[in-house]
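Remarks on the structure that follows.
First chain written, first letter: the chains are A, B, C and D, and each begins at residue 1.
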Amino acid sequence: MESPFTGVIPPVVTPLDDAGNFDRASFDRVVNRMIDAGVHGLFFLGSSGEVVFSTDERRREIIAAAVETVAGRVPVLVGCIDTETNRVIEHARTAAELGADAIVATAPFYALGGVNEIERHFRKIHEAVDLPLFAYDIPVCVHVKLPGALLLKLGLDGVLAGVKDSSGDDVSFRFLARDNAAAGRPLTLLTGHEVVVDGAYMSGSDGCVPGLGNVDPAAYVRQWDAYRAGDWNTVRAEQDHLTELMRIVLVTTGAVGFGAGVGAFKTALMLLGVFSTNRMPEPVAALTGENLTAIAEVLRSCGLEPTIDPESAEIAPFAS
Amino acid sequence: MESPFTGVIPPVVTPLDDAGNFDRASFDRVVNRMIDAGVHGLFFLGSSGEVVFSTDERRREIIAAAVETVAGRVPVLVGCIDTETNRVIEHARTAAELGADAIVATAPFYALGGVNEIERHFRKIHEAVDLPLFAYDIPVCVHVKLPGALLLKLGLDGVLAGVKDSSGDDVSFRFLARDNAAAGRPLTLLTGHEVVVDGAYMSGSDGCVPGLGNVDPAAYVRQWDAYRAGDWNTVRAEQDHLTELMRIVLVTTGAVGFGAGVGAFKTALMLLGVFSTNRMPEPVAALTGENLTAIAEVLRSCGLEPTIDPESAEIAPFAS
Amino acid sequence: MESPFTGVIPPVVTPLDDAGNFDRASFDRVVNRMIDAGVHGLFFLGSSGEVVFSTDERRREIIAAAVETVAGRVPVLVGCIDTETNRVIEHARTAAELGADAIVATAPFYALGGVNEIERHFRKIHEAVDLPLFAYDIPVCVHVKLPGALLLKLGLDGVLAGVKDSSGDDVSFRFLARDNAAAGRPLTLLTGHEVVVDGAYMSGSDGCVPGLGNVDPAAYVRQWDAYRAGDWNTVRAEQDHLTELMRIVLVTTGAVGFGAGVGAFKTALMLLGVFSTNRMPEPVAALTGENLTAIAEVLRSCGLEPTIDPESAEIAPFAS
Amino acid sequence: MESPFTGVIPPVVTPLDDAGNFDRASFDRVVNRMIDAGVHGLFFLGSSGEVVFSTDERRREIIAAAVETVAGRVPVLVGCIDTETNRVIEHARTAAELGADAIVATAPFYALGGVNEIERHFRKIHEAVDLPLFAYDIPVCVHVKLPGALLLKLGLDGVLAGVKDSSGDDVSFRFLARDNAAAGRPLTLLTGHEVVVDGAYMSGSDGCVPGLGNVDPAAYVRQWDAYRAGDWNTVRAEQDHLTELMRIVLVTTGAVGFGAGVGAFKTALMLLGVFSTNRMPEPVAALTGENLTAIAEVLRSCGLEPTIDPESAEIAPFAS
């Protein structure tokens, strides 16, 4: 039986309005646009869905909206990301109660731990909440790499349904994919890459979770279809297109990390008329001025025509 | 006017009972024992106070108990530690509402940011909550070092009341102490060191926040008094004693990070009859077996006689 | 005009005899075996060629043997790896004098520097020695990632002929490959990956420099041929085979880093009858005992039958 | 019997002339100035003595000059710093042959290793060369921290005579000092700190190796004398003075790492008339322009009057 969590599953970027509130209309637009493009699932409250910027109330608001807007058309995965086990379990219970189809959790972070703590963390979450559980491997945020052997063991024990790999460690991913295949595929393996998804498919990935999928979901869907059809030249050509599109992040100046990355996604979505603003959560500034022009130029050169004139957009860096 | 937040201000280790609930009786014992020993303040919900393991409800319970038990005898500092600004502000409002005297916050973590985000983070917290705000510099947990120049600027602007330095970067601390003195001491500087507090006093620290102060508060108070009296030989001799006592962490095997460090503090407090168990928060195992014997031996060799026989203590690693 | 440095260019592992001397007979065997298998170049004195373990005299001995044994059949690239510019230039002059076809240098290391120092370092080497110069991007050893923009600039300026990418940063590699193609391919881009070379080919790599190519050069050559022919399924199938073979490193216990990686390569070559021993340079221990059995088993399961019985091999960990 | 390697032992900064050659006259001045100020030893070819920038010939030139100029007035320690064991042994033999009194070596670097390799590395060096051997603990350059337990074991085994601690890990240093004292002081412990030497003395350091000692050796000697006399207030006051003087590094702009640090030392020595230029080794630029003015101002404010007008000094960043 195939996993219901394969294919293109973008992490949904969370729109805010100018006052910093959750912008439901923009949210519905971005969600519907991706489902219409053929994505196979949606991941809410991921790192780029600003989960760690969101209060409990905001998280609840987003999950409820997600379940309502998606309305069963594709699976809804919800990030339950917090520092340690009991806090994660609280989020997971909320997600379950509000109708999520699967939950996604990272290793514990902030407090220093080891592999024993990581293993027990996932086991306790699984015990507490009866939903498929994905491990989110994101060392750049939690500062530990999930060991492949542990992931496979937790998969075989029925604790984990899959892995969202944002480790950037493509060698470990290849070995995990080989080991998982040899073990009968207990885990569904999703790559968090945006610009080397073709390589991840070569390694045997069951799907992708690209933030850039918010901007051009159709290209990732075409790439997935080509992969399933064994048409590697199209897989590669779509990747080259998407790599060029990813330059919306590289052309920004003055912003770093989340502000540059998610900032560029939000700005592109605003320029394409999907988001009403590119407002960022506190304490992060929105991209402004020449960054908008630069992003518009990348979009245009990749065949995505902006509907908003970047020159006319008057953006304040922060909510008033 | 001298800061009310100088001297020995231990970060209070949070006792749990065997079921993993907050253990109020043990909490009162450890708090009263430290106040009786002469400490000058208490810091609740710090890293070693298991703040990131604590749900909102648990945090509320601890703050309320702290304010009630301390009853104004010393200032109550409360850690408002969470991933990003709005979540920290929620904790800070709770702390203020429950009667904290000061709040302590780290740089944002998990999401990737830069110095602009850090500056705005502290400014927004200060705007939102009218309590003295300490910056908690702890790169081992949040993976960024707070720049001295930023700290001083925020001090001069009245945003920060002080800094709790757990950076381990004693060179930066020395420069910050010199700069702060030259600027009229806008910041109260507290070292988070346990075994080189004498060096921090040489550098001009206004106090210390040692986790080990839960175990032997009197020695840190004697050291502080000697420092104020200019008696450096006693400062150093007390430090040598405390360094030997800190070996309770080094003698453990099989545990790492928080599990070894706070695990050893809890175990020592149990052996000294202050805590009823050494239960750790999920997903961390309690220290057991030979680790108890080893810790008891260190205590004894440092003149702190255990009242509990480590051989007879039957500890399960996790709550049942 | 196509670069003469494309295709499969393994970094040659350096054989030692039991006394720790350079083992010329084994060296000739491994070199000839790779050339016979169809490799397109050979890289001597790379990281896995134990360059940093080799005294000046040893380096000279290896380069002279390389040029003599290769005898013009394929290009000879020589690693000129040392801490700072003047020392690298000395090695580069020796390589030129002894007949190398190209030289390979890393960023400066040990002393702390920045991007200005890196740029000038490559420019001074290029000024001093008239041979094609490859930048070796290996942050795990030199603790800095070479920025793509700098590499491209040095390529366009004629300073660099190419890049050997062992950064593990496949995203940066993809962007560099795109930028290089757009700029008219001033750089020849070679991946140092062993287990995701297929992904590197998807990204547009001009070749590979796999240490594992010492063990199974023919498979990398078949993969390259398939890549040139657009036969992606074979590219992938060969990669899966080579990934399984790479487990010779993963099955070892008790060794780390260079000792495990190059140790496994040397041991496999010994078991296959190519090397006379698996002796390692001081201070690294040779693999012994069960590690030999485990490696033999991997070889066998990948269709490379050992000619030496691992049980009968009596290995002392160090030269006597 | 007390170690002959206690007290103030500055790492000698290596002067170059405008063409980049070793500047013997400046070298003699800086060496004699430090000996006249009362230092207890001199460490040549340390990190700040540009050892890793120096070819074998240059190293030989510096060691020979050192032995000749020092002429037995204080012990001569020589850094034998290179990537792996056999290369270090070559340097150590040269140092012994040229008359060094002790040698100093780091852990192996560049190639990845573990604690077993480090232990054997020091043992092989000690076997090869009959001179007191100091371990140089400098993780910022070699990317591994020497474990205290290993250092003590090598001390007790007679392999190591001492440790030069530039780890910045003052907690580990305190534990090592305590353990060393309890074991009968097999190791002489020297701190590489410049601005918290008072703290290191509190921890029981047997001396210091401060690069800043090139600039103001007399202050470090006064601090040492005060420490020996138990006059902690003077220890601290001299440290505060030296901390202010260390700002010569902090006031520079545009340079990083070695270029800023050693660049500032060389510039200060030039402004004080000790060095004839502040020329740096390739590929590092000399400090120029406003950096000279800023450094002159720090010197002046610390009571060291420049004899050279920073405005009139015409410095080219590189040798012509």
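Heads up, the rule we're going with is that a residue touches a chain if its C-beta (ideal position, glycine included) is under 8 Å from a C-beta of that chain, and two chains touch if they have at least 3 such contacts.
From a predicted model like this one, the values you see are computed outputs, not experimental measurements.
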Checklist entry - Based on the averaged CA atom positions, which chain is farthest from chain A? => result D
Checklist entry - Roughly how far is chain A from chain D, going centre to centre by Cα mean, in whole Å? => result 49
Checklist entry - Counting in whole Å, what is the centre-to-centre distance of chain A and chain B, each centre being its mean C-alpha position? => result 36
Next on the checklist: Two or more other chains touching the same residue: where does that happen in chain D?
Outcome noted: none
Next on the checklist: Dump the list of chain pairs that touch, please.
Outcome noted: A-B, A-C, B-D, C-D
Checklist entry - Which bits of chain C are touching chain D when the two form their complex? => result 47, 50, 52-56, 58, 81-87, 90, 108-114, 116-121, 124, 140-143, 256-259, 281-285, 318
Checklist entry - What does chain B use to touch chain D in their complex? => result 168-171, 174-175, 178, 193-196, 198-200, 202-203, 230, 232-233, 235-236, 239-240, 243-244, 250
